[in-house]
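Down below are the structures I want you to see.
What follows is chain A paired twice: with chain B in the first complex and chain C in the second.
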Partner chain A sequence: MNELLKIDNLNISFQSSGSDLKTLKDFSINLKERESLGIVGESGSGKTLSMLALTRLLPKQARITSGSIIFRNKILNNLLNKNFYKEISGNKISMIFQEPMTALNPVHTIGKQLLDTYLYHNDVSFEKGVLRALEILDAVQLSKNKQRMEQYPHQLSGGQRQRVMIALALINNPDLLIADEPTTALDVTVQKEIIQLISKLRETIGMALIFISHDLGVVSQISDNIIVMKDGEIVEKGSTSKVLNKPEHIYTQKLLNCLHKLENDQKKEKLKNSPIISARDISKVYKLPAKIFKKPEIIHAVKNVSFDVKTGETLAIVGESGSGKSTVAKIINGLIVKDNGEVKIKGQDVEDISLSRRAKLIQPVFQDPYSTLNPIHTIGYIISRPLVINDNLSNHNIKTKVIEILELVGLSEEYYNRFPNQLSGGQRQRVAIARAIILKPQILICDEPTSALDVTIQSQILDLLNDLKQKLKITIILISHDISVVKYFSDRIIVMYNGQIVETGNSEDIINNPKETYTKKLMSSVFSLKQKNQILRDNFT
Partner chain B sequence: MIFKIFLKRLFPRSFDNDIYSLPPKDLIIRKSSNHAGFKFGLTLLLIIFLFAIFGPIILDVSPYEQDLTKRLLPPVWKDGGSWEYIFGTDGNGRDYFARILYGTRISLTIGFGAACVGMIIGVTLGVCAGYFGGWVDQIVSYLLTCQLALPGLLLAMTIVFLIGPSITVVIFVIGATHWAFFLVVSRSATQRIKNLDYVTAANAIGASKFQIITRDIIPNTVSQIIVIFTLEVGIAILNEASLSFLGVGIQPPTPSWGLLIAEGKEAIFFQPWLIILPGIALFILVVSINMMGDGLRDITDPNSKVSDK
Partner chain C sequence: MLRFVAGRLIVVLSVGITLSIVTFFLLNYVIDPAQAIAGEEALFEEIEQIREQYGFDRSITVRYFEWVSGIFKGDLGVSYYWNKPVISLLIDRAPETITLALMSVSVTILIAIPLGILAALNPNSLIDRLALGIAVTAQAVPNFWLGLIMILIFALAIPIFPVSGDKTLFHFVLPSIVLGASSVPAVMRLMRTGLLDVINADFIRTARSSGFYGWRLIFNHALRNALLPVVSVLAVQLGNKFGGSVITESVFAINGLGRLALESILGADIPTVQILVFVFAIIFLFFNLMADILNAYLDPRLRL
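The block that comes next holds the complex of A and B.
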């Protein structure tokens, strides 16, 4: 096969206040026609930057210091911008971005955006352009393609928008498609469909693919070769099976360990304790503000949900975004007032418990490490605050307790006077956990505690939670959309969809023998390293 | 540079090499030493304050003493000017430099006083409206609409006219007609902050509503309120000048800059310095306050990075 793309020793540095920061070091790849290459790395590892350099979309402060990019025996570095955008970008090389919500222009119809891209690069009549646009919308399996041409981006769902993005990228039959985390912002069930679609289109069109992702599981499904990046350097490259089975670099091994650990089952004891929380028929309705001549719109966030949580167990609530799982968590915690039903913690209605007693019973940990800590307070103040509010202790006692807890969550004493903005995402999440456990609560509600973190840090936080669970005997309610995290961690699972409970049961039963169709769909959307090539098989059956 | 050396003497700990282990106070000092606009504005404002406090004591010239034989003397750099009257004299033969110095006191008092009054009204209403929402928000929004619909200067004139002019009355009237910005900014900031996870977390650890408002919400709106505050100090000073110019603010013979301009307007073609000099004084004061305000916003913003240049 012929060589399509060759990048040689590409170096990129960021200029900031006089000093150059090297963010990409000696990046070299070779890509053959029709080959698919996966690039894996944490955020900040330079994986997106390398591709932005290829498509000339680098931010202003970034500069290519050395290296060459050769596409079809043509050196791209010296090409004038005008010729580059006319001949290469959007025509021979196209790109799909992570956020389908922001990548489409909201004021133009889908049809206009498709036609603009097509007619700019091809000298054909408007009618032919329309035909081509309909054809490509059909190819990305978007139903009712004639209607879609007239629609605006906000009328489509996230998955549909990503399909339009793919159509936009493919309308000129490119030789190379770059997909930058195309599925990260989508729900798991949609994620699988999009990856299958990209994989199928690659076969039919016969283009090369560069797939960027932080998720090794996803990348291993779709690519022939894999590159692993860390801190702007390629640490490992090779065929997919080689990287997965015989990783050479320590970082790759660590990454794989994290994934394998999540896949292996832990030994779980069956608990036969009394329920600590019992929720009966809880409902919550959100009303959108009424408009003139229109009835106020009502959204059922949670509808008649009932369940028990036993003392000492870990219960997981699983579902897509918008399924009401976070609302349930906040209702149990007493942070949202429910409309109907009752929640009893230790036999007492959660809304009747005094603030201070509730604080010592149940504590939340949130998803976003950046908004979970008040930026104007020091870490010491943030962690000590529950004690200051609820207990009468001397300042000295409080400080020693805070430092004890800091050490328990794996941070040293020197963090006491730091501010949240001086901490990394993983460290912030540790502080949030420290704040939640300092009152020694009996229940911890973790709302997607790891989904905003990188894979290696994700596994550290899960280890920490596991450790705390054993040491402090806490009951944990874990909310997640990530089945592998849930599988690793929980004793029992509740599956939610559209504000209702679809299925409940022990975690092994739910994961191995799901009964409801939605649960089956959810479980089959998990990408694991074992079921390789499943996507291709699915396509041909 | 001098500023930095001065700060290094005063707070040696703030200049440790390891910026990440600095306590909060030192971090702010460290940041302020690197902000050119803030340093310039603060220095200028300090000089103006020193002039306002000590100038009249040292100078020992009365701004009220009239000498009709020395009417309308030009300032020292003009032909016929002398060092005895640096800025010349006004139509009643009073020393113009002394009058402007005394005017600084009045302008500063009224500017900061009125902005404080406005801030207390606006932030209280804004934070309550943003945090509680519902009917509280509706009432406050109604008040805001009324306030915005009223012509501020006209209202101020009417009230001062009815109560009778004095510095206290002018401060409260200007403050009471200038809280709309504070309200809008603090209300929208509160609405944004109250949905953040750290407020929910504070709720979960048992903090009361009052604690959440004073510890989590207001401190995080401070950097935005400071900018509005400095803006309003400038506006209040100009407002006082307009009121005095129209004759319902500070009453003669008290020297206020607006009054000086009003008194000088008859001589605008022949003795223009009578208007230009208090005008320049107003300009310098307002610019220095605004520069300092912008600097304070950058310094108190916890997300801005510490940099050494």
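The block that comes next holds the complex of A and C.
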């Protein structure tokens, strides 16, 4: 097949206060027509930057210092902006982005946005444009396409908006589609549909695809070849099966290990302990403020949910966003007052437990380590606060304890006087965990503790939690939408949907033999490397 | 959309009713209307006679309803000071104020919007700094001073424009520039930040990746979003021009509503003052309503 795109020794620097920071080093790829290439790497690895250079969307401070981009035997570097935008971008090369919620213009209808792009690049009548727009909306499997043309982005769901984005990118039948983390912001069940859609459209249109993601599992589903990037450099290059089965670079091996580890089950002991938490028929209703002519809207965040948590076990609550899983966590924690039902911790109603006793019983770890730590305080101060408030200890004792805990979570004494902004995401999450366990609580509620972190960091944090669970004999409630994380270390799983429990059981049973249709859908949407390897092997034999 | 407008109308109506109550009660409590008509040196008997003659001895609530029902019938009362029906005063004076308000807002739009766009497209450049300089200066300069300086330069030193008066549109040029300049800073800054925000938004990246660039990108894809906050502020400014032209009208001797308000206040003319306060408030409400509707038209997310 003919060569479509050739990037040779591309170097990009960021200019910051006089000094140049090299962020992309000697990036070279060859892409044939109809080929699909996956680019994998963590945030800051340069994977997006290389493609922004190709589409001339680089941020102002970034500059291409050397290298050439050749597309269909044409050197793109020297092309005038005017010609590049008119001929290439949106026409021959299209791009879709991560965040479908903000990627469409909120004040224009879907139809206008599609037509704008089509009529700009094609000299055809308005009526022909409308026909093409309807056709492409149909191709991205958006139902009621006539109605959609009149709708505004805010009237569509995230998955639907991403379909519109794809339609917008494909309306001119491009030769190359660049998809930058197109599924990361979507719910798991929608993720799979979008991946399948892109895959199918690639076949029908006959275009090449560059798929950027931090998730090796997702990338391996859709790519013929994969490149792995780290710190602005390509560290591994090869066919998908070679990269998955015979990774050469140590970083790729590390990435794969993290994925495999998540897939392999931990050895779990069956627990027959008494329940430490029992929740009975808890409900929570949110009322949206009333508007003129409109009744107040009532949202049943949690409806008659009952469950037990046994001492020493790890219970996972899974579900999509809006399923009520975080509300349940906050009710158990006493952060939200429930409307109905009762929650008992060690036989005592959670609302009757005094604040300082509750703090010693149950502690939360939240999702976003970037915003949960107060930036004006030192790490030592943040971790010591629970002790200062709840225990009567001398300053010297408090400091010793804080350092002890710092070491327990894998940090050292030198972090004591640092500030949160001097720490990486993973280190911050360790601090958040340290703060949560310093009072030696019996229960830890982790609400999406890893979803804001990079893959390799994710597995480190999960390892730490697992380690602490063994050492401190803590009961953990894990809230997550990520089945692989849940699988990694939970004993039991509760599946929630629309504020209700759909299914509950031992984690192996739920993962391997889900009974309810929703659970099946949830489980099947997880991209597993094992399945992918199976497919590859089947293809080879 | 209809439901949205109806909802807004109800809000405007209730604010209007509240306003009429507050204006009426405030003015009729603070000043004794009989004393105001009779004058400073009137005898007690004279005041009491006027009180009876004009019906001020009745309860204030009764007089309020009389006033309100009068407004609905087109009877706005009679001015004690001018000895004329208030309505004819309004009709006499309104055209000058309307002309001045519209012209000064046009001045604001013509200066502030292009300057704001240029500043946003070249952040921290010379033009951005210059625009900021103009904005800060215009905000710091008081209206009456700028008015006098303009008269000195453009009417006396270089006699292009007339010094004062309101006979032709030409008379309105200088006052419009003075009055319009005071709104330039707010509108320009808002235009700049609004457009700057939009340019960095994800959907502009989408538009750029679809091949749009240059002025086409700005006008077709960014401007409408950036104008949303500007529209609200312009409406408030237009309302301000109707009510806040008291000083400018006095400096340039324009016989508009602002000057009427000033003279009526000095003459303790309660019927005129209470109608003027009420009318200014209603105009303000009206422009806010228009801004809300225009914003809802521009931004579909607001049509709830």
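Basically, the second predicted complex is superposed on the first by the 532 of 541 C-alpha atoms of A that agree within 3 Å, B and C clash if a C-alpha of one lies under 4 Å from a C-alpha of the other, contacts with A are read in each partner's own complex, and residues count from 1 in each chain.
One rule holds for everything that comes next: a contact is a pair of C-beta atoms (placed from the backbone, for glycine too) under 8 Å apart; a residue touches a chain by one contact, two chains touch by 3 or more.
Predicted model only: the values in this text are computed from it and were never measured.
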Three-chain arrangement built on chain A, chain B and chain C clash or fit: fit
Chain B versus chain C as contact partner of A:286, first or second or both or neither: neither
First, second, both or neither for A:168, with chain B first and chain C second: second
Vertex chain A; arms to chain B and chain C (CA centroids, nearest 10 degrees): 40
Contacts of A:126 with chain B and chain C, given as first, second, both or neither: neither
Lowest C-alpha to C-alpha distance for chain C against chain B (Å): 11
Intersection of the chain A residues that touch chain B with those that touch chain C: none
Chain B residues touching chain A - in the complex, by the definition given at the top: 20-24, 27, 196-198, 200-208, 211, 215-216, 219-220, 222, 302-303, 307, 309
Chain A contact footprint on chain C (complex, rising order): 3, 6-7, 10-11, 201-203, 205-213, 220-221, 224-225, 298-301, 304
In the complex, chain A residues that touch chain C: 55-57, 81-82, 85-86, 88-91, 94-95, 97, 99, 102-109, 116-117, 120-121, 152, 154, 165, 168-169, 291-293
Touching residues (chain side chain A, partner chain B) in the complex: 17, 330, 333, 335, 355-356, 358-359, 362-364, 366-368, 371-378, 385-386, 389-390, 414, 417-422, 432, 435-436, 439
